[in-house]
Amino acid sequence: MIVVMNHNASKEQVQSVLKRLDKEGFQVHISEGESRTIIGVIGQNTKEILPKLAIQALPGVEKVVPILQPFKLAGREMKPDDSVFQVGNIVIGANDVQVAAGPCAVESREQILEAAWAAKQSGANILRGGAYKPRTSPYSFQGLEEEGLKLLAEAKEETGLAIITEATDTSNLKIVAEYADIVQIGARNMQNFHLLKEAGKLNKPIMLKRGGNATIEEWLLAAEYIMSSGNNQVILCERGIRTFEVATRNTFDLSCIPLLKHLTHLPVFADPSHGTGNWKLVPAMARAAVAAGADGLMVEIHPCPSEALSDGPQSLTPENFSIMMEDIKKIANVLGRSVGNSSD
Amino acid sequence: MIVVMNHNASKEQVQSVLKRLDKEGFQVHISEGESRTIIGVIGQNTKEILPKLAIQALPGVEKVVPILQPFKLAGREMKPDDSVFQVGNIVIGANDVQVAAGPCAVESREQILEAAWAAKQSGANILRGGAYKPRTSPYSFQGLEEEGLKLLAEAKEETGLAIITEATDTSNLKIVAEYADIVQIGARNMQNFHLLKEAGKLNKPIMLKRGGNATIEEWLLAAEYIMSSGNNQVILCERGIRTFEVATRNTFDLSCIPLLKHLTHLPVFADPSHGTGNWKLVPAMARAAVAAGADGLMVEIHPCPSEALSDGPQSLTPENFSIMMEDIKKIANVLGRSVGNSSD
Amino acid sequence: MIVVMNHNASKEQVQSVLKRLDKEGFQVHISEGESRTIIGVIGQNTKEILPKLAIQALPGVEKVVPILQPFKLAGREMKPDDSVFQVGNIVIGANDVQVAAGPCAVESREQILEAAWAAKQSGANILRGGAYKPRTSPYSFQGLEEEGLKLLAEAKEETGLAIITEATDTSNLKIVAEYADIVQIGARNMQNFHLLKEAGKLNKPIMLKRGGNATIEEWLLAAEYIMSSGNNQVILCERGIRTFEVATRNTFDLSCIPLLKHLTHLPVFADPSHGTGNWKLVPAMARAAVAAGADGLMVEIHPCPSEALSDGPQSLTPENFSIMMEDIKKIANVLGRSVGNSSD
Amino acid sequence: MIVVMNHNASKEQVQSVLKRLDKEGFQVHISEGESRTIIGVIGQNTKEILPKLAIQALPGVEKVVPILQPFKLAGREMKPDDSVFQVGNIVIGANDVQVAAGPCAVESREQILEAAWAAKQSGANILRGGAYKPRTSPYSFQGLEEEGLKLLAEAKEETGLAIITEATDTSNLKIVAEYADIVQIGARNMQNFHLLKEAGKLNKPIMLKRGGNATIEEWLLAAEYIMSSGNNQVILCERGIRTFEVATRNTFDLSCIPLLKHLTHLPVFADPSHGTGNWKLVPAMARAAVAAGADGLMVEIHPCPSEALSDGPQSLTPENFSIMMEDIKKIANVLGRSVGNSSD
């Protein structure tokens, strides 16, 4: 890190900063410029985070600029090769673009089975569906809970699709992990550090959705929580960030895909349904996500969107999903990739 | 709510929307304008939330505009008078502006006692200090946990200050509630709905900090989760929202104070330490918050900010805190209020 | 629009609103719900904007909700077919995806000619280059002004490329329009209403870049300024909005492309160079923009990015641009489109 | 500035950066850390801005971190004492808090005179009122233009108030400056660099409103444009920034007041009318702004807000303005200041 002193910092103030850094075990390089003193601090990565902010509180310090990236296990520097995970007979993070499709929430046996078959027929390999639902209002549908998990298991049995579903608290993580092939941690829980640590004790891939106000650095640090607890199988999923623009539910930040490919070895998915909140925009943004280099997609489909208990307006009908899948297969081909089981 | 049809919606599409609304038990008013049909929907408040989005998915619907506020128990319409809570011998939400002061995290017996006495001497009635700390990086100090709670209890015993400290998960809520006079739910957990529901089963005031990307409506809906689970003692605390401006840690949204006073009967606090992230700005913004009508303040103080294990740069020294308290007492007087025990 | 009264609004207050609306020539529908009165207002579109806010200031009014889109000429309702413009032998807004490439600023004869040939060889039809540069700091390079325009003219003469360059004020609009085939209005000037009105008097296509904090509605209203002054040839260009995310220069809002295709008949371009600020991300986001349905791209290229006087870090080398163009031709083909002169 | 190399940058890449810096005339300090090389760059302030970004485009460079503040004339480092300007018999930037009040737009002789007398009677020294109005929609009222300026002159003649009014383009700056005692540059024009440079040639105070998406650094660089053109009389005015929160028109960033007091010697005003967009919130936020240390306020008042042609909902009635003024006089007194002519 770099410590920038005030232009009128006294010699004593500079000495006091140097003393403190020495006490913490850091080496320093001092640059005395025309207008101020700048102190370069060299030391161990893991300790750097600790004193950064405190030093900013010392008299005469103008600002402290961190230099190194604070995530280690998630960073590409430590592991240059892409991480690849096997989920049943599906491979994530390799050449195939994987698609998870299904309803926002599991609502009934009929609904989830119909959605599962529609997903499978168009080439998706993974069924999504929430059993535990985080909802903004206490008066909204909160999910079928364990009953929902059982219906997902039935759909898996029937169709052979892998299951992704969300754990919303440390209290339901265990049961969710019993049923799920991939455990989802939702956007609102991206910085639920207890949940992250417990997810780090599982031996299953975790899909970590980006928080609606999370920077990419914070997102990778959330992945670091899971990884530093022992689980390296983290899939990142962009689903839009909150901005001033209200014409879409979120602002779908697709630039994060190529950027993450530079910063991390972890696979990156994109969720155009939450990213836009509007089914009319989903096919175009699904194409864009694959063109930008996404390793997979999460898409909401519903047999009858206008009857959905949640997220109806952003759900595709099976017909529109089928058309979308045809398009993204062609886009994937341009990049030398294929989509899910499209090669079977 | 209002359903706005597309300008070229067919009669069948309008009929289909009317049928669906009828099925859900709503009454409607139809306005056929020059350019499109608009359907006014009248019905019970609690059911309104449910079908809002789904109707948006019906063919021919351009948009659905909600009219009524979705929070009920938290709203001033249902309860016009200010909510007032008693915490020991402290009254919150009435004429006295209450100040909670203390370190970000409990670090040691000496540190917390020193901070507690400094808080008390300047007129604060409540001691803050985190035992369970949500930290962005897994490599940062995570708190002393139960040991920290015991130190807070000791500080309470010695000084007579009430204790506010944070529960970060359903797994530590119970023990935190044993030690705390006011249980804090932090910004990152504002939409941790499991935690909110469990907090709603306590018989203690809950301080609900605003999420860094939470709208005021979402914040009041989070309060509604606590209240609809049985606990009406919710204190709201503004602590800054995330915006594009990086010169401050957050953007401290003080306008929410007078706005909340219109919308809700709940007491409103403000936390200028997190709101700005910079101790040099804290006294000015503490004055501003009281001038804007805050019922209380949360302020970080530390015996030695540059040695703090977290949030050093935004912590006031006891001396600066004392000066700040003198100023806010005068500002409170202008509004016909007093500060904490300043009248003793 | 819809006028929502307070839950405790008096009958006199409702009457006063009705009287005012009647005075302005509007028809009304009154819905008296259980908890409040809601007034639907029907009338001419162009007048709607005027009294909207003022009515909100009447006693007893809780809020005013606009229903109709405030842009008329730019909206697809009035003109369902796509607008198509001819620029020399180039067609914009039709099946061909057009690419404008070139340096941020014209710096020298050698630089602009080298860039122009590189653009042309890879299949771009339009040369971009700023002669008048809006720069955040007064100490940054401000452009070659008229000398830069002459160099663009020379590059056009040599290569046959069409020219797009920016007018930054009413004082240089005329001379820019003499040299440019397409006049650019930059993001910072999107709400420079004098410039918009004057651009509306030209008989040339105007490329209107989205302001960094402009909503899509405001952007279309800016287009409306140009169109209502007489010039219907407006090209919209997304170039990123400002959000909390600082890992990229802007947040590139590609979802606006399919959304604009619903709202307006105007052609939509995308600028991945400003959208990301990082040349490493440009090829991926160029592919994504075409996949999302963009009618064209604006891309910064520079013979030697590290010597550029502005925007070096977001400029592609000619080699990387050439690779990018090969990819987007394939993506365009998937959508049944071709790229610029790629068919020659 | 600091140049951070990639962890796997080659020696040749480091040498190439050093060569380029040497060519630009900079001195360097090299720190070879365990994981990467960091280059500290020392040199003249004004040149620093130029090559910053270009160096980021060199191979092997991870990022470039600027250290020094890019504004010079506006910075407190160069001029530690507060700037104080005399406008007629009013002093701005000294002990008195000055209040500018009046309607958003001049609408008629009667309206502006009534507003002017109301402003004066409550203790305001400056009359605000727009003659040239930047409006989001081309169909909204655009101002009375020169006729409006003449009405302001008449109001000045009658009441003795100083006049502040907005120039919206280089084409009307001259005539505005003839009538105005303080020339306002509005939020949308904060980065209209032509207008800033021309305003820099005037010998009159310029009130520079903060752009709705401007960082504090960009705002001070906009002031630098005016100052580097020769006019040091710049007043900054905070009026809210655009964020995701839609419950208020803007998010009123009062923390910028104490922060600006550290960074710059220029006087700082605040505009709670635009900052909130809601007259009910204006008195509380006016109090808060003064408590935070504002040198002045801009407040919209209107004899009849519900008849206003613009900004009615954020305009105070003369009665409410009068109550607000009584409160802020008391708040100013707490800080040892007085309000405008309140001492006469």
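The letters A, B, C and D name the chains in turn, as written, and every chain counts its residues from 1.
The rule we apply is simple: a residue touches a chain if its C-beta (ideal position, glycine included) is under 8 Å from a C-beta of that chain, and two chains touch if they have at least 3 such contacts.
Because the structure is a prediction, the values reported are computed rather than measured.
Under the touch definition stated at the top, subunit C and subunit D share these contacting partners: A, B. Chain centres here are C-alpha means, and the one lying farthest from subunit A is D. Averaging C-alpha coordinates per chain places the centre of subunit B 38 Å away from that of subunit C. Taking each chain's centre as the average of its CA atoms, subunit A and subunit B sit 26 Å apart.
Rounded to whole angstrom units, the spacing between the C-alpha centres of subunit B and subunit D is 31. Among the residues of subunit C, those touching two or more other chains are numbered 213, 242-244, 246.
Only residues 20, 46, 49-50, 53-58, 70, 134-141, 168-171, 188-189, 191-195, 197, 211-213, 218, 221, 224-225, 228-229, 242, 279, 305-313, 315 of subunit D touch subunit C when the two sit together in their complex. Taken together, the subunit A residues at the contact with subunit C in this complex read 213, 215-217, 241, 243-248, 251-259, 262, 275-276, 278, 280-281, 284-285, 287-293, 327, 330-331, 334-335. On the side of subunit D, the complex with subunit A involves touching residues 2, 4, 7-8, 29, 31, 33-36, 38, 40, 42, 45, 65, 67-68, 77, 242-244, 246.
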